[in-house]
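Here it is, the structure in full.
The letters A, B, C, D, E and F name the chains in turn, as written, and every chain counts its residues from 1.
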Amino acid sequence: MFSTPESFVSMKRIEIVIHEERLNDLIQLFHEAEVYGYTIIKKAGGFGSTGERDQDDFILEQYNAVLVLVCDKNQADKLLTVLQPKIKDFGGMCLISDCQRVSVP
Amino acid sequence: MFSTPESFVSMKRIEIVIHEERLNDLIQLFHEAEVYGYTIIKKAGGFGSTGERDQDDFILEQYNAVLVLVCDKNQADKLLTVLQPKIKDFGGMCLISDCQRVSVP
Amino acid sequence: MFSTPESFVSMKRIEIVIHEERLNDLIQLFHEAEVYGYTIIKKAGGFGSTGERDQDDFILEQYNAVLVLVCDKNQADKLLTVLQPKIKDFGGMCLISDCQRVSVP
Amino acid sequence: MSISSLLVPAILFFALGMFACLIKSDLKFPPDMHRMIVIYLLIGIGLHGGKELAAADMGDALSAVWAALAFGFGLPIIAYIVLRGLGKIDPLNAAAISAHYGSVSAGTYMTAVAFLAGIGVTYEAYPIIMLAIMESPAIMIGLVLAGYSRRVTGGESKADKGMMKHLLIDAFTNGSILLLFGSMAIGSVVSEPSYHKIEPFFELIFMGALCIFLCDMGMEAGKRLSEFKSVGVFLVGFGIAMPLFGAACGLFVGHFLLGYSIGGITLVAVLAASCSYIAVPPAMRLAIPEANPSFYLTLSLGVTFPFNVVVGIPMYYSAAQYLHATYYPW
Amino acid sequence: MSISSLLVPAILFFALGMFACLIKSDLKFPPDMHRMIVIYLLIGIGLHGGKELAAADMGDALSAVWAALAFGFGLPIIAYIVLRGLGKIDPLNAAAISAHYGSVSAGTYMTAVAFLAGIGVTYEAYPIIMLAIMESPAIMIGLVLAGYSRRVTGGESKADKGMMKHLLIDAFTNGSILLLFGSMAIGSVVSEPSYHKIEPFFELIFMGALCIFLCDMGMEAGKRLSEFKSVGVFLVGFGIAMPLFGAACGLFVGHFLLGYSIGGITLVAVLAASCSYIAVPPAMRLAIPEANPSFYLTLSLGVTFPFNVVVGIPMYYSAAQYLHATYYPW
Amino acid sequence: MSISSLLVPAILFFALGMFACLIKSDLKFPPDMHRMIVIYLLIGIGLHGGKELAAADMGDALSAVWAALAFGFGLPIIAYIVLRGLGKIDPLNAAAISAHYGSVSAGTYMTAVAFLAGIGVTYEAYPIIMLAIMESPAIMIGLVLAGYSRRVTGGESKADKGMMKHLLIDAFTNGSILLLFGSMAIGSVVSEPSYHKIEPFFELIFMGALCIFLCDMGMEAGKRLSEFKSVGVFLVGFGIAMPLFGAACGLFVGHFLLGYSIGGITLVAVLAASCSYIAVPPAMRLAIPEANPSFYLTLSLGVTFPFNVVVGIPMYYSAAQYLHATYYPW
């Protein structure tokens, strides 16, 4: 379909939202699982089982962090094995979806 | 495929981008539709039908907000019924895609 | 499935993460390809082939930018033709996935 | 005391902030500005307190410390009993709210100082020492009350333990408290000429910076105030009665036990009457996640804080005057 | 007047900012810093104005108010006519641009004050009152012109109405305007000793903080200036001619109608010549989304602002001197 | 010199920051606050330096410039040789680390000024000129060393070239350097009364603002210090030996070549001993992405900076005293 279809690689996109104060634990886990890349957005707000987290509220100072990680299926498999037992503890949200990574031609 | 396939739940991922000043209206709508979670990223920039919104421009101070909401199909259905009539008014962008939510084992 | 299925349009969602200092080059490319919308999140952090980019480190001041662009398949095709030769130079990550855009009823 | 003594810039800027919120103005201060001014004010208060401490009589300073600890531990317990007994508030919310009332509001305290300065009344150095001390016990007693409540209601107790220890440490490593104590320590050891070099930044321009802080807090108070319907009549009443009770304790202690001047008594009353909105709310959010923040924030920021700033301070001052005139009428 | 009178720090820092932009330096000030300094400057200007107002003659103050209203309403209408008639600019862009010229630039005004201070020229207290007043009418007249333009071009009119009301309210609840008026009110009621306490923060360090603000605005002006090609020769010419015309009106009014001193006349000229970049641009972006922001921002920030700061102020001052010498040659 | 001369607020606040980091306090200053204070300090230093420059003897000023250039170019080369020869550090990391030691730390310099002020020692105006000059050569020599290293190790060379030019330009358009030089230029041309207006902001409150900056840097240093295990014994040793060597050079140059007073010699020693953490780290990150930032940041922020602030400054001062007493014993 695209001009150079062979340049797409099927990947898994993992998207995690957790309380910002737990971010370091998560990143540590990632590095232990030897992931080769992730992206972090901090100072996110939201609403979940622990109530509202308003990023503009400078009294309570509650933030979420959004983490996006793209990897192949094997790595995702490995990662989720490590991640899943901790998910309840971490709270927030963990998604997985399919995507194509555009690779260097 | 994954170690514990039964721990994934098929969900809908709704992603909305709107002008930040409209965010509260949208959130109100969400709470009326009784969603159980969403994530907000503020101070985003972008370009759309109303022109450029540069988040670094401290003179005009125009920001977008990105909102991600994950829910099951029924809830999404319900939500979009409420949302759709307002979409034109809200402007921006509203996407829906499939994802797997990793659930507590 | 949804109340008004005909109001969904199949689209491509392109998600790019690059070093913030390269963002302007990318946006220029987008405008040359005549895209009609994109969303930008700045001051993101992350980890990739060039090491860690910690958005809280005010000494090094390294940020990533996340760019999300939704368009139809043709536009995506066109865009990626322009984008792909530059991807190596840009570094970071470029994803493409399918989504439904909720359109004005 | 005339109406003009209320026309203190700090109070007026607080009112301006509330007014901006009331007329739904789009006025908004950057959150980082708030954080920066808080850092600045805490250091300024600490340095000043330390300087005073260095020159203070140790016996008198110790009395002040004891009084501060008594308030910090005592007031939350009384608040908890009232909230549980009279208000039938559930234990965890009661614990979270109570903790706020043991602590103090640096903003209210500084407004009182500005008020006294405006009418030319002097005061002792000790209250500022009390201010620095009262934040920690309040957080600790909040944790203890929460633990007690959980045991009573049969909540989790194992996870609790680790949490408890973690939070007790927190009560001392808490950034605001550390800044206050650290600056106090620094203020008490630096030499006079060294202090003189930093005085323009931390003292000379202090009252002006306080105005901007209070304008911001006025907006915040206005925002919280608008939620007071959801909080219920009892709690709003509590948010006014509790500072009055605290002030009464403060007046008593300040006059009879500590033997301060009118200005000093007023400040002790303000300390006992005020409740925290800097260190305690985030600590309670973490320690008692089950408690509803809109309860304690509405009370502390939306009710007690504006009450103290606008009505309380002059009232406590009048009471201190009366006390002084009645019991030392020579 | 020698070149050395141009060597005012405020102006030099503005030039430094433009230079940084010119050589594509990576110098960048945090956006929140800009917001904070704006808040600080507005409060400082307001307090100072209020203090002056309290001491002012009511009749003279009223004359200043009338003059401010005349400028605020009159100049945009003239600008609109010129832009439509001579420039064939489309109605909505013309309306948006016009609104900016009715308003004032606090930065330009303060630079003028720094300039006068630098050469030791005194001035009346009234211009600062005018400054506070001129922001609202400009926004209002911008809305009226936009409404008129839309009716002429047959745009939406129903949605308009609610919008219109909403925006008229906005012209008064606008954060910057509220801050300015609020501080003015506060400055006019606080007692002398109270004011004295906050003076170091709001007056003593004011001119230094202004330097940082102007350095930042210099970078911003440089950025906008670089877009002036896209704006066209006519508009750039307008961005220079309009302040000259405004200044002429200001000189006339300041000298003949208000009867001010040379310093006062200069300031009135600066008020009439300058155009807003704080309250008006976001208001116009909301009110007239069809207008192209790069037009009014390039004009106001990239052309008129630097023109006034670098060339205009000394020019208006010379003109005021000439006027004074010619018409009061005794 | 007694222990009390160490009780300079600036140093104590630095220690407080490190302490906060040590006890894992949640104290955190907004990153924008850091940026704002850096902007403020750079402008303040520049203005002050410019003012001194205007009053300086041109010959003496030129000597200072030459000395600054010699340090800026010489120290990194020596550092590079030591790192490569003794430490077997790989070429690119060695280049990146070296560049830091040619530059200076404005924070350390200002702490030294506060230290001297605290014990009442005067100093010459020239060191501040050296401070402004030393940042650029260090970046340039870092680039040259990196280029040399790459040629040696056979790295990319084509891409390099464009990069090189780009980065050489950067060494001059770099925001911090521009701000420093720009303010210096402004400080040297403005008239006395004009300067007087901005002095309260840039001089009067300077030392207080510096305290907040150093508290922040203390936290940063503490954070980096904790990584020193990963850096290895050799590098940590280098991070202490290099400033000692630099200080020795500075003492020699300051005393024998420039002939300064004790205060002046101390400052020259501090300049030569200190290493940059404002302009150089980001420049090196861009120029030598292959180098590991945790090496140069741990060294510059975690080792050399605290060493200089806590131990170095009083030591260099004692050495300057000794030198002065020994070689001018009349």
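Observations, loosely collected:
Simple rule for what comes next: a residue touches a chain if its C-beta (ideal position, glycine included) is under 8 Å from a C-beta of that chain, and two chains touch if they have at least 3 such contacts.
Going by UniProt, the chains are A, B, C = Nitrogen regulatory protein P-II family; D, E, F = Sodium-dependent bicarbonate transport family permease.
Note that the structure is a prediction, hence the values are computed from the model and not measured.
Under the contact definition stated at the top, the chains bordering both subunit C and subunit D are A, F.
For the pair subunit B and subunit C, the fraction of shared interface numbers is less than half, so the two copies use mostly different residues to meet. Seen from the C-alpha centroid of subunit F, the farthest chain centroid is that of B. Using the average of C-alpha coordinates as each chain's centre, D ends up farthest from subunit C.
With centres set at the average Cα position, the gap from subunit A to subunit F is 40 Å. Chain centres here are Cα averages; for subunit A and subunit C they lie 17 Å apart.
Looking at subunit B, residues 41, 56, 97 sit in touch with two or more other chains. The residues of subunit D that reach two or more other chains are 32, 35, 200, 204-205, listed in rising order. Contact topology of the protein chains: irregular, matching none of line, ring, star or complete.
Touching chain pairs in this entry, ordered by label, are A-B, A-C, A-D, B-C, B-E, C-F, D-E, D-F, E-F. On the subunit B side of its complex with subunit A, the touching residues are 1-4, 7-8, 11, 13, 27, 30, 35-42, 68, 70, 97-105. Residues of subunit E touching subunit D in their complex: 32, 35-36, 39-40, 43, 170, 173-176, 178-179, 182-183, 185-186, 189-191, 193-195, 197-202, 204-205. On the subunit A side of its complex with subunit D, the touching residues are 50-51, 56, 58-62. In the complex of the two chains, the subunit F residues touching subunit D come out as 4, 7-9, 12-13, 16, 19-20, 23-30, 32-33, 36, 114, 117-118, 120, 200, 204-209, 211-212, 215. Looking at the complex, you find that subunit D touches subunit A at residues 31, 34-35, 220, 277-278, 281-282, 285, 289, 293, 297, 301.
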